[in-house]
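After this come two complexes, each holding chain A, first together with chain B and then together with chain C.
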Partner chain A sequence: MGRIKNLLHARSMSSFAFLVILFLVVGLINPAFLTPSNISACFNTSVVYTLVAVGMAFTLFIGEIDVSVGANLGLVAAVVGSMLRDGQSMGLAIIVGVVIGAMIGLINAWGVAVMKAPSLIFTLGVNGVLRGIVYVYTNGAWVENLPKGFKDFSSVTAVGDLTVYYCATIVLVAVIQLLLVRTKRGRYFHAVGDNAQGATLVGLPTRTTKILAYVICGVMAAIGGIIFCSRIGFVTPASGNGYEMKAIAACVLGGISLLGGVGSVVGSAIGAVIMASISYLLVFMGFSSNYDNAITGIILIVIVVVDALLQRRAIVKNRHARLAARVSSGTEVAAAAMEKAQEGGEA
Partner chain B sequence: MEAADSQNGTVGRDEARVSYQVPNTLLSVQNIYKSFGSNEVLKGISLDLCESQVLALIGGNGAGKSTLMKIIMGIYSADSGEITIAGKKVDISNPKAALEHSIYMVPQEPMLFPNMTVRENVVIGFDEGASELESRLKSVMAEIGWSLDLDCKASTLSIAEQGMVEILRGLMRNPKVLILDEPTSALTFDEVQSLLACVEELQKKGIGIIYITHRLSEVFEIGTTVAILRDGIVTTQGNVFEFTRDDLVRGLLPEDASVDGATTGDSACEIDYSQEPVLRVRDFSGYGFSDVSFDIYPGEIVGLAGVVGAGRTEMATTIFGRDKVLGGSVTLNGQDITGRKTRQVISMGLNYVPEDRFNDGLYRIRGVAENTTSALLSSSRMGRFFLNSKEEERVSQSYVDRFRTKVTGLDQEVGGLSGGNQQKTVIGRAFSTSPKVVILDEPTRGIDAAARGDVYAVLQELRDTGVSILLISSDMEEIVELSDRALVMYQGRIVQEFGKDQIVQENLTAAAFGVYQADAKAVTD
Partner chain C sequence: MTRIKQLLTKGQASWNLILIGLLVLEFVVFGAANPKFLRPALLFTSINDNLPVFMIALFVTLVMVTGGIDIQVASLVGLTSITIGVAWQDFGFSIWAAVALAVLICIACGAFSGFLIAYCGVQAMVVTLGGSFLYSGIALLISTLSSTESYQGIGGFPEEFKFIASYQVFGAIPFQLLIYVAMFAIAFILLHKTKYGRKVILTGVNAQAAEFSGINSRLVIMSTYVLSAVAAAIAGIVLTAYLGTAKSDLGGSLTMDIITAVVLGGTLSTGGKGSIIGTALASFAIAFLKFGLPLCFKVGTQYLNIPVGILLVAVIVGRSAASSTGYLSMLRTLVSSKVGNGPKVKA
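And then the complex of A and B:
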């Protein structure tokens, strides 16, 4: 019972409710939207965002951020895409892609966890460097002519209209969530983000946890890059641009606090679906999908501001309640004083 | 009557001391040296801690207590020297290693995970299974007789409760050595008593405790041995019963200072109460205090006593425009300042020196000069557009000279000053705005005895220039020493006012704990 209650109270539940309401509202405006294939399409499109957002969630849990995921994804997509185009084996391409992602994660971890540079700026710099490497590597050209089988695999469905990619991602998210909640080490990410100094004092491996978070983030963005390749079918030098904002917005929408220590990867996965749906929903509501980025930005700003406001208000309210509880009514003081004085006299 | 009680308590503890004294050394540090850059913080510290000992560690700010503890906990590593645990030399390079050697430190500021539950906070970092941890937690809590809601979030706990969770964390690790860093500084009277009782329980179980404190009374109440740190060396060490209060004060003071130098003697100064009061507070209410009325006259130091949480700071910050006024009025020199913005309150002639000089008071990474004059930046005195750096220097130097602030130069970072010198800088800043009334909140908390004397002299000097001071202090001696008149707050109300001749610690303490009665003396005598 308690477990079900906890589940209902989880922050990710409100984002799930938001998703459902969003779909229903769009359905009211344009009933043509509410078909299984349209709704599945929203989920299927979200697969890359989900992977990147889940990785991003780890860096947010530890109270940091990684804005290099977009370029990371772009670089891995370009490398994997060109390897496959040139006839390299699938397995090798995937291994190379994941290793690149892990390396980028390590570089970010070195800057943030070892050198203690501010994570936003450090990863922004890494993002610039990686994007530069993509342009140099591809010579500014598109990576095209990917093997047909690789491209076609992205539309293979597993359950109903849901693709194999999306179903596999859901399983991955579920496993990660279980590891985070059920294992001792899983809790370390939140602990480090909640109070890094306190974590050190109770003997938690603070630095290792931070390094791990960045490596996970890098690897998830790399996997996102590989799937991106397969789904889109070609890679431009600008591929992955803006994915960092989508991923951060997805996490925040899913109830993850930018201050660290709060949230779940399930939340970020739900947020990713909302993010992926926006351009789709815009079309159904009769708007241009050009509004997509602006709307994503607005959602991010609104949530962050409301969150900050609520948090501040809660703190002030708690403080006032605590202070008010300390003040006694005048008569009470006199009575208490009398009583104590009398006790004193008797003893 | 109360005195008799505590007398009995002390006797009981003395007996306990004798029967539990086992010469079995748990922890021994030998010849520890540590410097940060050119700053030598520890110069050859040697200390021993035996089973069932409570080693009271006292010393001024910057004496090296925290550095030493951080070395024992593996947060810093010593430049030289060795640490032995139960006779074996050990290498403690990180907190994890310290925990493995059964050493646990309860830090001065609780280090909880605010978004986790109490239970998660306590059991995190253990390798055992959940059910085993749960039963151990239950038994530990039963043993020390605490009840805490394990499922509530740590962010909802009071400071005292957070401290309890920290101690629970320590106990779960079956520590042999427990370090308590000023555990009572944020606690109320009752909480202090339950904490001290808990420490005694732990002592009976054979745990060695290092108890860092600023309150000398606690040394006698709970310590078995005492060590005084000053400027990185242990000046005094031995069994508590060998020392008197004066011995300890002497150990805290620099060798060239006499004990009397720490206090400034009687400061009798006739206040003309027929004048118009400079500050008039009437039926003033806000969050944390209610119906407060008092007057302050020109050139007067009014002490405001009370226990932590009595609403003194809240009242001061509300007058200063930091919080919402719920009723009543405050008049400064005939002008109504009720509910004004802080900026206006300052310009009308009232300033406030906060209790927490780190978070509310100072720009830590800026120099002394910039800090001193930062309150003047909006006035034309510091230049109309470009900063008048000559004036900045002149003003700052005048306060440094006047207050005898120890600085290497006006550009020294304030974060690197000792507590006393930081406090002098903040006070200097408050007075640089030429206020008529200054509210000082715990001006000497965490400051060593010598610097305290300096601060007192500064305050008296300022008073003599006609400034009125409202002195909020939990240190009753301080109020006795400085005040021309004293008010006492209890549960958000002013319950008592004492004239100069009535200001004695006994009266203040009784009123602060809500048990003062003008004729109570007659009853108890």
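And then the complex of A and C:
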């Protein structure tokens, strides 16, 4: 029973509830939405966001950030796309793509974990460089004429209307979540993000954990790039632009704090579904897709503000409970000191 | 020798000298490669092209000195532009009333984000990320109110509005450059010469300490976001007048350039330290780099992200390396020991 209670109290649970409510509200406005194929479509379109957001979650867990994932995705998509177009084998292309992602992750890790540069700015610079490299590599042209089999594979369904890609992603997210929660090394990420110095003091490999987080983030963005290629069917030099911001937004919607140490990959996956389905839902509610960005922004701001206010209330409530407990058992002196402390806290 | 010592011990002053050195180097290299680079008319053109970045970076410096970050400013540029266009063309506002309306809307947007950051305690990165979605979304929605298709842009502004960008003082100096100079003076005086600037810096060093010493640090933090929003509004007005068209996505890609300029200028992303002169010098250095490389070395304009990104990464890594492993102090002791050994110099 305790386990179920824990599950219900998890931060990702409120995002899941939000997603369900969102679907129900849209269903109330337009009952035509509530069919398995429509709901599956929401999940299917989110697959690239989910992969990128899950990778991003690792860098957020350790209290850093990676805004180079968008260009990373674009570069991998361009390289893999052009390799497949030129008749290279699928396996080789995928390996090259993943290796590129891992290399980018290593570069970011070197800057952030080894050279101790501020992560936002370092990865912003890397993002610019990668974006330029995409132009150099593609010469500004689109990568088109991908093999038909590769493109068609994106619409192959596995369970019901869910595509193979999404089902594989769900399995991947579940495995990652289990590894994070059940293994010692998996716990390191949150520990490092919660308190890096404390983690070092108790003997955790802080630097290795940070490097690992960036490599995972790079690899996830690379896998996202490969699937992007397959789903969209062509790659422009600007492909992947803005994915970094959408991924961060998805993580925040999923209950991950940018301060580090809080949240789960399941949350970021749910956040990615919310992000991806907003434009789809708008169509069913009779709005044009022009509302997409505005609604996304409002949802994001409302969720983080409510979260921050709830957390603040919880802190105040805890403090009152602690003080009240001390009053009931302590002497008058303690009570007086406590009152002073309370005044100090309120000032 | 003592001069070198001073150069290394005085943080920002020496950094400004390095930036000036970079500028001189650019002039020498580009000027030698192609004398056209040194023509005043061309130089002014390159400055005009980048003025929105210059203007916004000045006031984003204030935000970053408080330890925050503002990634919504780029979306405010587009919001200003489209508001002016739609209010003037479709709602019959006079052009100056439309401009005033746009500025007011930007102030409201900046105040809204600033309020959430300062008073609700939400991370600046998340709020301004949400803000960038929300405000660019609102800009898109405003553009749908217009009878003109949004991709075309609203043009045909009256002469007195285009005057902002077309008038040349003494027949050579662009009027918009004078606006920038005025903004530079205001930002410089605000941050470095007034009590307000001191409050901004102290809030960045330690918000709690600032609060305890009687500074309303929340109001200070909020005010910096309003200031950066006003700067974005002015940049939007100038850019609209310069291009002659109002579009909702103007300035959408400026975020990276703005943050690069501020960080390259020596402002710490963790807050507490920053320089308006540094930001101005850095933004000029980037602008000339982006202007000189295509002109003198035939580098394609799409590739310019690479040198700018490398510059950003190199600076951020170099600075954190110098501060964390003490290269700078090593250099300093090296210089001072040489000074000490010198026969005629007193320590």
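We adopt the following convention: the second predicted complex is superposed on the first by the 298 of 347 C-alpha atoms of A that agree within 3 Å, B and C clash if a C-alpha of one lies under 4 Å from a C-alpha of the other, contacts with A are read in each partner's own complex, and residues count from 1 in each chain.
Rule of thumb we're sticking to: a residue touches a chain if its C-beta (ideal position, glycine included) is under 8 Å from a C-beta of that chain, and two chains touch if they have at least 3 such contacts.
All values derive from a computational prediction rather than experimental measurement.
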First, second, both or neither for A:174, with chain B first and chain C second: neither
Partner chain in contact with A:29 - chain B first, chain C second, else both or neither: neither
Touched partner set for A:318, first chain B, second chain C, both or neither: first
First, second, both or neither for A:191, with chain B first and chain C second: first
Which of chain B and chain C A:249 touches, first, second, both or neither: second
Partner chain(s) touched by A:200 [first = chain B, second = chain C, both, neither]: first
Which superposed partner A:285 touches (first chain B, second chain C, both, neither): neither
Touched partner set for A:20, first chain B, second chain C, both or neither: neither
Chain A residues contacted in one complex by chain B, in the other by chain C: 257
List of chain B residues in touch with chain A within their complex: 1-2, 73, 75, 94-96, 98-99, 105, 107, 111-116, 120, 124-127, 156, 158, 169, 287-291, 309-311, 314, 490-493, 495, 514-517, 520, 523-524
Chain A residues within the chain C interface of the complex: 65, 111, 115-118, 120-122, 124-133, 135-136, 140, 237, 245, 248-249, 252, 257-259, 288, 290-298, 300-301, 304-305, 308-309, 312
Touch list for chain C against partner chain A, complex: 69, 116, 120-123, 125-127, 129-138, 140-141, 144, 256, 259-260, 263, 269-270, 300, 302-306, 308-313, 316-317, 319-321, 324
Partner chain B, residues of chain A touching it in the complex: 184, 187-188, 190-191, 194-195, 197-205, 257, 261-262, 318-320, 322-324, 326-328, 330, 332-333, 336-338, 340-341, 344-345, 347
